[in-house]
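One structure, pasted below without further comment.
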Amino acid sequence: MAMTGVLRPGFIQIRVLDMPAAIEHYTKRIGLHQVSEGADGRAYLKAADEFDHHSIVLRRADRAGLDLMAFKVREDADLDAFARRVEEYGIAVDAVPAGEQPGVGRRIGFTIPSGHRIELFAHSDASDPRPRVHNPDVWEVEPHGMAARRFDHALVYGPEIEKTLDFFVKVLDFECAERVDMPDGLLAVWLSCGMKAHDIAFVKHPEPGKLHHLSFELENWQAVGHAADVITRFDISVDIGPTRHGITRGQTIYFFDPSGNRCEVFAGGYTYYPDNPTRSWDETQIGKGIFYYERVLNDAFLSVVT
Amino acid sequence: MAMTGVLRPGFIQIRVLDMPAAIEHYTKRIGLHQVSEGADGRAYLKAADEFDHHSIVLRRADRAGLDLMAFKVREDADLDAFARRVEEYGIAVDAVPAGEQPGVGRRIGFTIPSGHRIELFAHSDASDPRPRVHNPDVWEVEPHGMAARRFDHALVYGPEIEKTLDFFVKVLDFECAERVDMPDGLLAVWLSCGMKAHDIAFVKHPEPGKLHHLSFELENWQAVGHAADVITRFDISVDIGPTRHGITRGQTIYFFDPSGNRCEVFAGGYTYYPDNPTRSWDETQIGKGIFYYERVLNDAFLSVVT
Amino acid sequence: MAMTGVLRPGFIQIRVLDMPAAIEHYTKRIGLHQVSEGADGRAYLKAADEFDHHSIVLRRADRAGLDLMAFKVREDADLDAFARRVEEYGIAVDAVPAGEQPGVGRRIGFTIPSGHRIELFAHSDASDPRPRVHNPDVWEVEPHGMAARRFDHALVYGPEIEKTLDFFVKVLDFECAERVDMPDGLLAVWLSCGMKAHDIAFVKHPEPGKLHHLSFELENWQAVGHAADVITRFDISVDIGPTRHGITRGQTIYFFDPSGNRCEVFAGGYTYYPDNPTRSWDETQIGKGIFYYERVLNDAFLSVVT
Amino acid sequence: MAMTGVLRPGFIQIRVLDMPAAIEHYTKRIGLHQVSEGADGRAYLKAADEFDHHSIVLRRADRAGLDLMAFKVREDADLDAFARRVEEYGIAVDAVPAGEQPGVGRRIGFTIPSGHRIELFAHSDASDPRPRVHNPDVWEVEPHGMAARRFDHALVYGPEIEKTLDFFVKVLDFECAERVDMPDGLLAVWLSCGMKAHDIAFVKHPEPGKLHHLSFELENWQAVGHAADVITRFDISVDIGPTRHGITRGQTIYFFDPSGNRCEVFAGGYTYYPDNPTRSWDETQIGKGIFYYERVLNDAFLSVVT
């Protein structure tokens, strides 16, 4: 099989302070749809162009941030194989039974060196809205808000970046598409499990398990501009953009959800293949790598995380 | 490894009647660069955003059409493994030594049931122009003409579509992203070896080994419109478009090179994953599947091939 | 004053067979808003980016087509001046009292040589939705459907094109931006009262007073593509496009309202100034003039009118 | 005549420190063409989509900045009429003979209260490249660099903004499309002589005759993004953007020519008509007015002028 093992980011579970405000943000503004609500109050959301049951889980809590990020693997047997490989690497694995989230099969979970909880699952029920598969239209439900097409990736902050990179490459079969090496060592890596320039990215940070941003894919730069119009029209707190990343080439804008979690909507970025060389950046051009147009870093972007 | 075996279309070799006219078409109009010229007069071209040595080979001949399409595999050992699988399927395999094309390693080749020659190779030298990998810019060379970013796929016509599908799925590990089933049987299939909605596509046709079109990827719908402006400005023969396909959702325009080979430039199309259901089309909506805006078929599109 | 006399198309009144279907078409699909309903059942619509009370009037009738097109002039006194000039030209003028349409001041009306009723008015109340004028956002109401920004122009068919051109230039101070001259005489003219390549256009046709299309302006080619997606998704009858006109350079798609009136949504087109030369087209390139990409005429486009 | 008197910005003459560097900037990067060089060393440039002889004049000097901005009027007789009105307003007028710049007829000139020299002219020879007028293509010369379509406007800084506004409205028949009123009085005005949201704009500043930026129009937001790519690729000093203005709604990026003159390329902005209300901004939303996405002012933008 040409694509095996980890296929893609499946869903992310984040903590929000005010559930109705969060739901309005992710559905009306970013353009997702709410699929269901859990018995424990968690909200399950998705983009209309995704088949799986949900890709965003909102959990009410007193502190914003990331609970976990789950990747979908191709086959159920992959879960056992990865569990073995993770444990052989020296990291403990636990199991989450099917149904802990609506529509999602059994998961395995573990904490990576950067302090983040990662889970793997092989099964998701489909849910509506989703693309039709017989004589389909380009879309069934007219896009709204920022018209996000999918949950795409997350950038997370934590310690032990070298070890985290080693784990993702050796155990989960990811590739390193880009990296930033500073005079004092590896600062950041962008990792791919398929043909996207990144499915998850890590930046070195003293505190473990922090979330820098979760990211949604848009159609193109025109959509990024429309997202910027939406952000100002509805008084959403903006971080930076519209701009482009030198790293991944993504065209982007960053803003905050009502709980302070940073969101990105982006478009473009090159198609990555595993035989591509890893792109590398150094301290002389890191500004251009992060913000290709401004060519200087912005302190808030580097330090504000949830 | 998450992506293994066949990675992507590597290059296509087509026949042209007038070499200087063909080179002008593919470089000045479509926006490629000529990398080298073979001792036997073949011309080697590429997009500036591709790493490999070339993706288009032009060979002068008295009849236009397709010589072969070659896919890049991940590792040299894959060539032997695939040679074995192809032969076990009952198809003869031959070997092409490294250097038969400049910069390309050894290849294996075989003729599939539709009558087309397919080759596999694992090694390509890099060539310029190509993306920089240390502190890179978004592009090094200013895009020109239609600004094609890569050779993307080909759609070919021939008999034995069911058998060809079976071969690609069982032997080469492709997935069937979309299919058209008519009352008299399978008409067409779109096959993926990665996350694109198609890397090669087949339409049932009595004559074997025919080329419907070779396709280049553009940035977005804006670029498709600019390509249309280029086509009319330089009196290039147009087939149809700008339009969109229901199948793959690609935004597209078709036109002919000076030898009569059909070219496509396109943008968009959904991201495909191997756990996605195969989309299917039937005779009631085939018009919309092929040309989403016109919703009717066009005879020339169905019958003119080289 | 730099712009005086006729400023722009103010509103168009068209006949529709089925009022609810028409309202759905123009509001949900084209993206307008209904402002009010007249006591006589007429429906008044506008784009959210227009200040004036309405720009589209729908009247239920047994035959589709055009009742009248009204231009807004700068000052009330212009109405008397134009009434005099029209009568001096030999065309009878009648008066329509303020309030015949909600929010619209007194109008003068007359029938031009092509058989169409043209009206002029100087006053319109504002209506909501409309742009704010103190610390405004880019838009107040999120765009929907095709996101039409304004009623832009109409193309009408009728006899006596030379005389109609003469009238518009001599009496209403329009400029001729483009013209098509065929071996048997003037075929068509595009007329401007400001900086748009056309505010009204005429094509020679034996029957008087016919409507070819009414046109709405969109933001750009991306929006034309989205309009095309809307057209297919909601099974709207399409005429031609997305394509571009050589004449005016507009990027366009044509489709029909449920009563059979042809609509256009378009973007782009050059900025016109009255010191620009008139662009002219002849029979050798008329195909390219009308449909820049297809470069051939389409019979239905030339003959189907309401 | 519907448009009379002042039609549009005709050309701007700016001072540059290094002529070859300036020519490279305006031709290769912004996308203009050099038309001719004067005997006195001035360089004359234009966009390929402009009919008139030139729109940009570069003069070598030891200090960057603005020599003059010239508006084209509709008729030669307008020059005498405006000369009279300017003098009646109490401002001295001088005459510049035809031929002082290649291809440009006689001009009248005067210094406005803000300290800037304004000129009017009625005649310009055409020059190549320019649009064809018989069976024209959408463009003759393939666009390059940022693909500027025209010199569009300038924003200038100086004292006496109220008086300058009064002069432009009463004497030159401009309209005030937008204004910013701060607690200590009028800060800025955007003035239109046609259907653009601004043809010239003024910001209050103690020093007279300063240039904030000269601006070129692009096709759309996609082109603004491409301009940003060009700016970084060629290490052009950027000021701010891509962003949008609340005022005029223009989508924009600012950067500097090699002499330190600020340039803007922009797209969009609403269509203005003289019956539109003046949009007004106050100190509570001035940040959003200037930079709609950032919603805060940037000191350099307010203080750096040439």
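Going by the order they are written in, the chains are A, B, C and D; count residues from 1 in each one.
In this section, a contact is a pair of C-beta atoms (placed from the backbone, for glycine too) under 8 Å apart; a residue touches a chain by one contact, two chains touch by 3 or more.
These are the chains along with the protein names UniProt gives them: A, B, C, D = Metapyrocatechase.
Everything quoted here is computed from the prediction, not taken from an experiment.
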Steps needed, at fewest, to go from chain A to chain C via touching chains: 1
Between chain A and chain B, centroid-to-centroid distance (C-alpha), Å: 31
Whole-Å gap separating chain B and chain D, where each centre is the average of the chain's CA atoms: 47
Distance from chain C to chain B - Cα centre to Cα centre, in angstrom: 44
Residue list for chain B, restricted to those that touch at least two other chains: 137-138, 220-222, 229, 232, 244, 246, 288, 292
Topology of the chain contact graph, where touching chains are joined (line, ring, star, complete, other): complete
Chain D to chain C touching residues, read off their complex: 1-8, 49, 51, 72, 74, 131, 133-138, 150, 173-175, 193-196, 219-222, 244, 246, 249, 268, 270-271, 273-282, 284-285, 288-289, 292
Residue ranges of chain C in contact with chain A within the complex: 137-140, 142, 144-145, 220, 222, 229-230, 232-233
Chain B-touching residues of chain C, taken from the complex the two chains share: 220-222, 225, 228-229, 231-232, 238, 241-244, 251, 253, 288, 292-295
